[in-house]
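Next, two complexes with chain A in common: one pairs it with chain B, the other with chain C.
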Partner chain A sequence: MNYFSLVERSRLERRIVVVATYAAFALALLLAPYGKADGLLWLRAAAIGLAVTGAAGYAAILGYSKRFAVRSQRCEHVVPDEREAAVRDRAMARAYTVVAVATIIGGAWMWIAADDPRHWTPRTGTDWFEVLVVTQVVMGSLPQAMIAWGEPDADEGTDGVMVEGLQ
Partner chain B sequence: MGETKPLLYNRITVLRAERGLSRQAVAEAIGVNYQTVGYIERGDYFPSLDLAFRMSELFGVPVEMIFSRRPFEPLSVAQLRMNGNG
Partner chain C sequence: MTQSRRRLLVVATWTSYLLAGAVAYSYGRFAASPLFLASGATACVLTKITRIYGLGMRRAELALVDERMTQMRTTALARSYGVLSLLLLCAVAGWLPVAATNDQQQYLFWGALLVVSTLPNALLAWSEPDSPAENDGTMTEFSRS
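Up next is the complex of A and B:
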């Protein structure tokens, strides 16, 4: 078994990787501002470590879902069959809906809270960088994460031919 | 959550068993991932007409012997009826 591949992993393990990836990115973003203070180098190191962990999970999720995503007819071994194409299209549609709704809510929040210093809105370059990172991570990985989350275990379907009562 | 009843019944499990074919072998023969065969068998995915005909060719039986909108009767009962004993 390739320990860095999700292909042979159970659905539970894949779901753990998906949750850990997003949690690592979220924690890294939360910790990063505190790590800027002098004397809190360990926080900065933790934020970097979490970001690297998140990036590793991100790569694993993309790698697992490659079979569903590649459309090239020249790569027959990774061309999705009709069910996989349907799963991919459904995941992309759902991810688009999530991103579209989140964008509308985010835009509305910025419009409402932009002039109110009590509420957080992106104001500095660092803030906007964080928004960009979150947008990139979510838009880049959500369809694949949905596929990794929902696909059955690899050994479902490799059974033999035994059917009760038949010889 | 109640289990939803499939709208398309199939005999793929029985046909595979009769011919000694694993899902992997069926998948390779009809050009899909083996998990897709499992999805179709369980009624979780309804195949396209093209895929249904590929299965029909593989098993050597008409499509309507593999898929049906109504529950299938056992093959043994159908055979008895065809022989005029049922």
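Up next is the complex of A and C:
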């Protein structure tokens, strides 16, 4: 078994990887500013470690959903079957809804809180770089994470029912 | 509604929004209000004519939409995700950091609302070909809606 591949993993393990990936990125972003202070070099090291962990999970999630051709719908090398194409389209449709709601909430927050220094909005170049990284990570992996989250185990049918003979 | 008219509607929706921004920047918000209203009105029409695909429907109503329409809606939403990804990355990397005033941020908020609420509808309206019955003058699903 390839330890970095999610293909042969159970659904529970895939879900743990999805949660761990996003949690690692979020913690890395939260810890990174504190690591700049003197004497807190270990915090910076922890942030880097979490970012690397998140990147490994990100790669594993993308690798798992490669056969669904999320990124390259017209790629000739990866031709998903009818069920896989339907799963991919459903995941992307759900991801669109999630991102649409998040965009509206984010836009409203920017508009409302921009003039009030008590509330956090991205103001400096570093803030905007962090927002760009979060956008890139989320937009680049959300449908794939939804596929990894929802796909049944190998010994289950596509509708989640155990296949006879594999029980 | 024919495909060319639907495409015109899509172009009108987003062009009027962009023009409204330019007019508001040069002459003030009051002068741009007719264009904002036109953008909102065309967006409403666009939403209405593509409602047959199930966009914006409740779960109970979605059960009544036929399989082909459901598949087209899902495909349009999937394609919209790719377009929205690119737009968001461009916005975060380029447009949002330079929006300094409250007016500019308000304009971008309404733009985001317009884009996320009409993007799948626009893709459907743009890509759906004319049905043969439309050329005969027979009523179609689009003209009925």
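Following the convention adopted for this analysis, the second predicted complex is superposed on the first by the 147 of 167 C-alpha atoms of A that agree within 3 Å, B and C clash if a C-alpha of one lies under 4 Å from a C-alpha of the other, contacts with A are read in each partner's own complex, and residues count from 1 in each chain.
Rule of thumb we're sticking to: contacts are C-beta pairs under 8 Å (C-beta built on N, C-alpha and C of every residue); 3 or more make two chains touch, one makes a residue touch a chain.
None of these values were measured; they are calculated from a predicted model.
Trainee: Counting only touches as set out at the top, which of chain B and chain C does A:12 meet: first, second, both, neither?
Mentor: In the superposition, A:12 touches no partner, neither chain B nor chain C.
Trainee: Once the two complexes are aligned on chain A, which partner has more residues of chain A within touching range, chain B or chain C?
Mentor: C
Trainee: Output check: A:83 vs chain B and chain C. Expected answer is one of first, second, both, neither. What do you get?
Mentor: A:83 sits against chain B, while chain C stays out of touch.
Trainee: Taking the superposition on A as described, I'd like to know which of chain B and chain C A:111 touches: first, second, both or neither.
Mentor: second
Trainee: Give me the intersection of chain A's contacts with chain B and its contacts with chain C, in residue numbers.
Mentor: Residues 86, which sit in both footprints.
Trainee: Within the complex, which stretch of chain A touches chain B?
Mentor: Those in contact with chain B are residues 67, 81-84, 86, 151-152, 154, 156-163, 166.
Trainee: If you look only at chain A, which of its residues touch chain C in the complex?
Mentor: 73, 86, 88-90, 92-93, 95-97, 99-100, 103-104, 107-108, 110-111, 114-115, 122, 125, 128, 131-132, 135-136, 139-140, 143
Trainee: In the complex formed with chain A, which residues of chain B make contact?
Mentor: Touch list, chain B to chain A: 13-14, 16-18, 20-24, 31-40, 45, 47-48, 50-51.
Trainee: Can you name the residues of chain C that touch chain A in the complex?
Mentor: Residues 71, 73-75, 77-78, 80-82, 84-85, 88-89, 92-93, 96-97, 99, 102, 105-106, 108-109, 112-113, 116-117, 120 of chain C touch chain A in their complex.
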